[in-house]
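Just below is one structure, and these are the notes that go with it.
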Amino acid sequence: MDEKTKSGIIHDLLKSVKLNNGFYLWMAFLSVSLVFCLTAYYQQLTTGLGVTGLRDYISWGMYISNFVFFVASSLIGMLISSVLGLTGQKWITPITRMAEIIAFAFAAVAGLVIVSDMGRPERLLNVFIHGRFQSPILWDVTVVTTYVMISLLLFIVPMVPDLAIAYNNRTDLPKWQRLLYKLLSLNWVGSKEQKDLLHKAIRILLILVIPVALAIHTVTSWLFAVTPRAGWNSTIFGPYFVTGAFVTGVASVIIAMYVFRKIYHLQDYIKEIHFDKIGKLLVLVSLVYLYFNINEFLVPGYKMPKHESITLHSLFNGGHAIMFWFVQLAGLVIPIFLLLLKKFRKPTPLLIIGIFVFIGAWLKRYLIVVPTQEHPFLPIQNVPQSYTFYQPTFTEICITLASFILVLIIVSVLAKVFPLIPIQETIDERNNKTESHEE
Amino acid sequence: MKSSFILIVVISLFGTFVKAQTPWVVPDDKKGLLAPIKFSDDTRKLGLEIYNKTCVSCHGHPGQPDQAKLVPPPADPASKVYQQNLDGELFYKITEGRGLMPSFKKMLKSEEIWNIISYVRTFNKEYVQKVGASDSSSGVKGKVTAKLNYTVKNNKIEVKVIQQINKMPINGAKLSLYAKRNFGWLPLDEIRSSNSLGIITFNYPNDLPGDKDGNVNVKINMANADGTEQTIIDTIIKTEVKRSQYNLLDNRTMWNVRSMAPIWLVLSYCGAVLAAWGVIFYIIWILLRIRKSGSETSN
Amino acid sequence: MEDNKDPKENKRREFLKTLGIIGAAGASGAMALYFGQQFEKIKAGKKVRLLTVDNKVVEFENGELKEFKGTTEDFIARGREGLPGKSWVMVIDLAKCRNARKCISACQSAHHLRPEQYHINTLQMQDSELTSPYFMPKPCQHCDNPPCVSVCPVDATFKRTDGPVLIDNERCIGCRFCIAACPYSARIFNWFDPKDAEKFANDPYDIELNVPQKRGTVSKCLFSADRLRNDELPYCVSNCPNGVYYFGDKNDDAVTNGTTKETVRLSTLLKDNAAYRLMEELGQEPRVYYLPPKDRLFPFPEQENKNEDNHV
């Protein structure tokens, strides 16, 4: 297959961009689901946050867990394109754009998720008018906005040559789509000057995204770590969250790789070797995360100070034990062992493992956010029973689902309207390979 | 409240550690104590106020079965058993307390306790007050004037009290010294008696803050025969101790308002934002150059 | 007092043009009301502001007379200032508390709270198995290093010069970061429409009382800042039947007992009774001091403290 001609590659990779009935059907389904879920949000707006399971003691729940999860997932763009790209990993070429789309979608929707948790969403502008430099929320809002912008640029800028190719090759597309390509391809002709400028822009972006991505999740972890509460009052929360984010992100890319490979018939471009590589990558990031988990639980667990011990017991052998051990074992330890074996790094087993890791990662955020609040320093007394534990309501689950639907919509649209696999890079790479073969 | 209900039940179950039903014996010399005041509508009104604040939470409303569920149960002041107590017995029980009944010795003035007694006696139709013989020996009759000398440096305040009519010094007048604080008068020294020259020397604490200039509003009260006090001096004295002028909000801290954020934090935040967005705009500028270059080439 | 704008009725501008009657007022009977010489007719109904002889401005609207206390803007402007030179502290004598909960009911009625909403709550405490159980009233500790204020993104909650930590309902975005940050669980949230929301909907917002409460915003103990302004003791303090609370100005070095009105030296009281503050080790510098539950007036029930309401 390596001998595929340039036009063959272009033909293959531009096949998917035309909107078809399947896409319309899928979007219709997503839109209807979204509207249904948004009626739940309308209910929350008119009745108050009381429609959720949150109360005075456990006042952060599913929304905040979900926000942390979304921010975590969005970090994958930085890991794949930047860290691996800058270190010269060639195998990532077909999945970089996918990773950027995921990063952009999760980061953009994370901003909305946090709004859904606000008691007074109409006062959002206060954060900009009265924003306090001392509050991690201001840092978070700033850094999420910046990261969304950089992710968007990292999605668009490397795509400029591909858009020119698409504009020139797919004259059959509807007017708006061609206009979009023309506009975003920035008069690309492939001159040396343009190539140099583009290369420069991409390199700067790839470097810039590293500190911003680290900041986005470190700041998110500080939302918890700056409080004096037992269980959140931890010095390793920053790296703990960042490494956890890589696990989540790799899992979401695995799922996306599998799905798009199937529906766009990309077997020639996303090959088994790619699954093998990303399987290994998942082992690596999981091992690092496991290391931080051991630190986070073993150290206080060894000493068992009064207040930490209550939360730790609820995780180890109390009310949250089943979820906790599921997350640790099915979401982390077992995947590591399985993925050491080559036969589990094939697409289908890897997909199943990826789904487990993905679910485990979501539940992990829940376990970070909720149990700590169930055990404040002073006893919870003289309040209704429902104040003493947290149980998400149907409304809350719907609103959380809405955020996932929104991510799916963004991912589906971007992956449909634009070429999902970098065309120019694929061509260049194969040319290089042929040349080196000839030598 | 559920919890208070549980609590009450638990108190009822376990509250028996109080040596419960033994009769409450009042020493004979206290039994005969009589009120120094004549009970009147005024005292009954004051008594009702104090009763509602201090007593009603356990003893309930007299004549109504709303006493707190304690063991032993608090008595209903309207009950026969209760009203069989002599005034002196009631006074003793309220001041001293026993078991769950607290001692009000330090919480209420004796006059206030007599007001309460005068109020609860309204639930006894047959009650006729026996007024105590007023003891005038320690009291001072007629107008009094006083002169204040003070040297705060030596922690002394000297007062001379004389009869206004005949300018004679008063011997044995009981005086107390107070300083004005935000919500009340702070007693500064114990109650002292004047000597034969009518002179009393109070100790003044050398560490009591005044206002921002060190001024303190003090008053001196003299005890009347009936246990009440009259103010004979209310004045401002000058001391060395000035009130703290420290303003919490003068420091740049994490909890202060935005304009008082730590400088390093403001600089770091602004620096990081400017750097990141500066680069982003630089990238956009590069993109515009790519576009321009392309249009030149194609032309 | 001229030129007051009612925030709830922004569209209507009204001016109280003359209050010229003030001078004559003193001479007359106390009950008499003096009508301002001029008033403006407002589209929806008639609204008149009057000055009473005791210098209160009252508002006369649709035949209903109520005291006009000021506009939301006035309240916020002065409420953020704090009382100069003061430094409020509270002392709670655990030996005297017997869970009468009068402090709680007084507080809840003043701040329009539902029964399960607490600015102050009395907890059953037992520090360890063999140590004595006791009742502990727990208001906001009004820390001098308040973690809740540090994390607020919009300056909605703030520390005042005189000590209390207040909250501005008109600015709060409802992120509940302050609730997450408070180690004393002192803050509550209006998850639904507050109690009697409709009844008070048109009242100006008094930041020192945090009334009317607003849905979607945080509420908390305010040390009764509205009462302090009038040199009155806080609601909880003055309603305790058992002499549990002392309250006063640290700069005065004196606190006054809310029940007995007895005033004592703060430093002496704290020294003599080995006073302590809650969770000193967290470094939040609380303004509430506790006197240990020694020689309690009311013996605590001999029960194991872990009843079903006690979720440590």
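By letter and in written order, the chains are A, B and C; residue numbering begins at 1 in each of them.
To be clear about the criterion, a residue touches a chain if its C-beta (ideal position, glycine included) is under 8 Å from a C-beta of that chain, and two chains touch if they have at least 3 such contacts.
All values derive from a computational prediction rather than experimental measurement.
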Distance-to-centre winner among chains (Cα means, whole assembly as reference): C
Pick the pair with more C-beta contacts: A-B or B-C? B-C
For chain A and chain C, what's the span in angstrom between their mean Cα positions? 45
How far is the middle of chain A from the middle of chain B, if each middle is the mean of its Cα atoms, in Å? 60
How many angstrom between the C-alpha centroids of chain C and chain B? 18
Two or more other chains are touched by the chain B residues 1-4, 254-258
Give the residues of chain A touching no fewer than two other chains, as numbers and ranges. 130-132, 134, 138, 381-382
Counting only residues that touch at least 2 other chains, which ones in chain C make the list? 124, 147, 150, 155, 309
Interfacial residue positions of chain C with respect to chain B in the complex: 85-87, 96, 99-102, 115, 124, 144-147, 149-150, 155, 158-161, 163, 231, 233, 239, 241-243, 247-257, 259-265, 267, 297-299, 301-303, 307, 309
Quick check: in the complex, which residue numbers of chain B touch chain C? 1-4, 6-7, 10-11, 13-15, 17-18, 53-57, 97, 100, 102-103, 106-108, 179, 181-187, 205, 207-209, 211-212, 243-245, 247-249, 253-258
Can you name the residues of chain A that touch chain B in the complex? 130-134, 138-139, 142, 146, 149-150, 153, 157, 160, 186-189, 191, 193-194, 197-198, 200-201, 204-205, 208, 212, 215, 381-382
Given the complex, residues on chain B that touch chain A span 1-4, 254-258, 261-262, 265-266, 269, 272-273, 276-277, 279-280, 282-284, 286-287, 289-295, 297-298
In the complex of these two chains, what residues of chain A are touching chain C? 47-50, 54-57, 59-60, 117-121, 123-124, 126-127, 129-132, 134-138, 141, 223-224, 226-229, 310, 373-384, 387-388
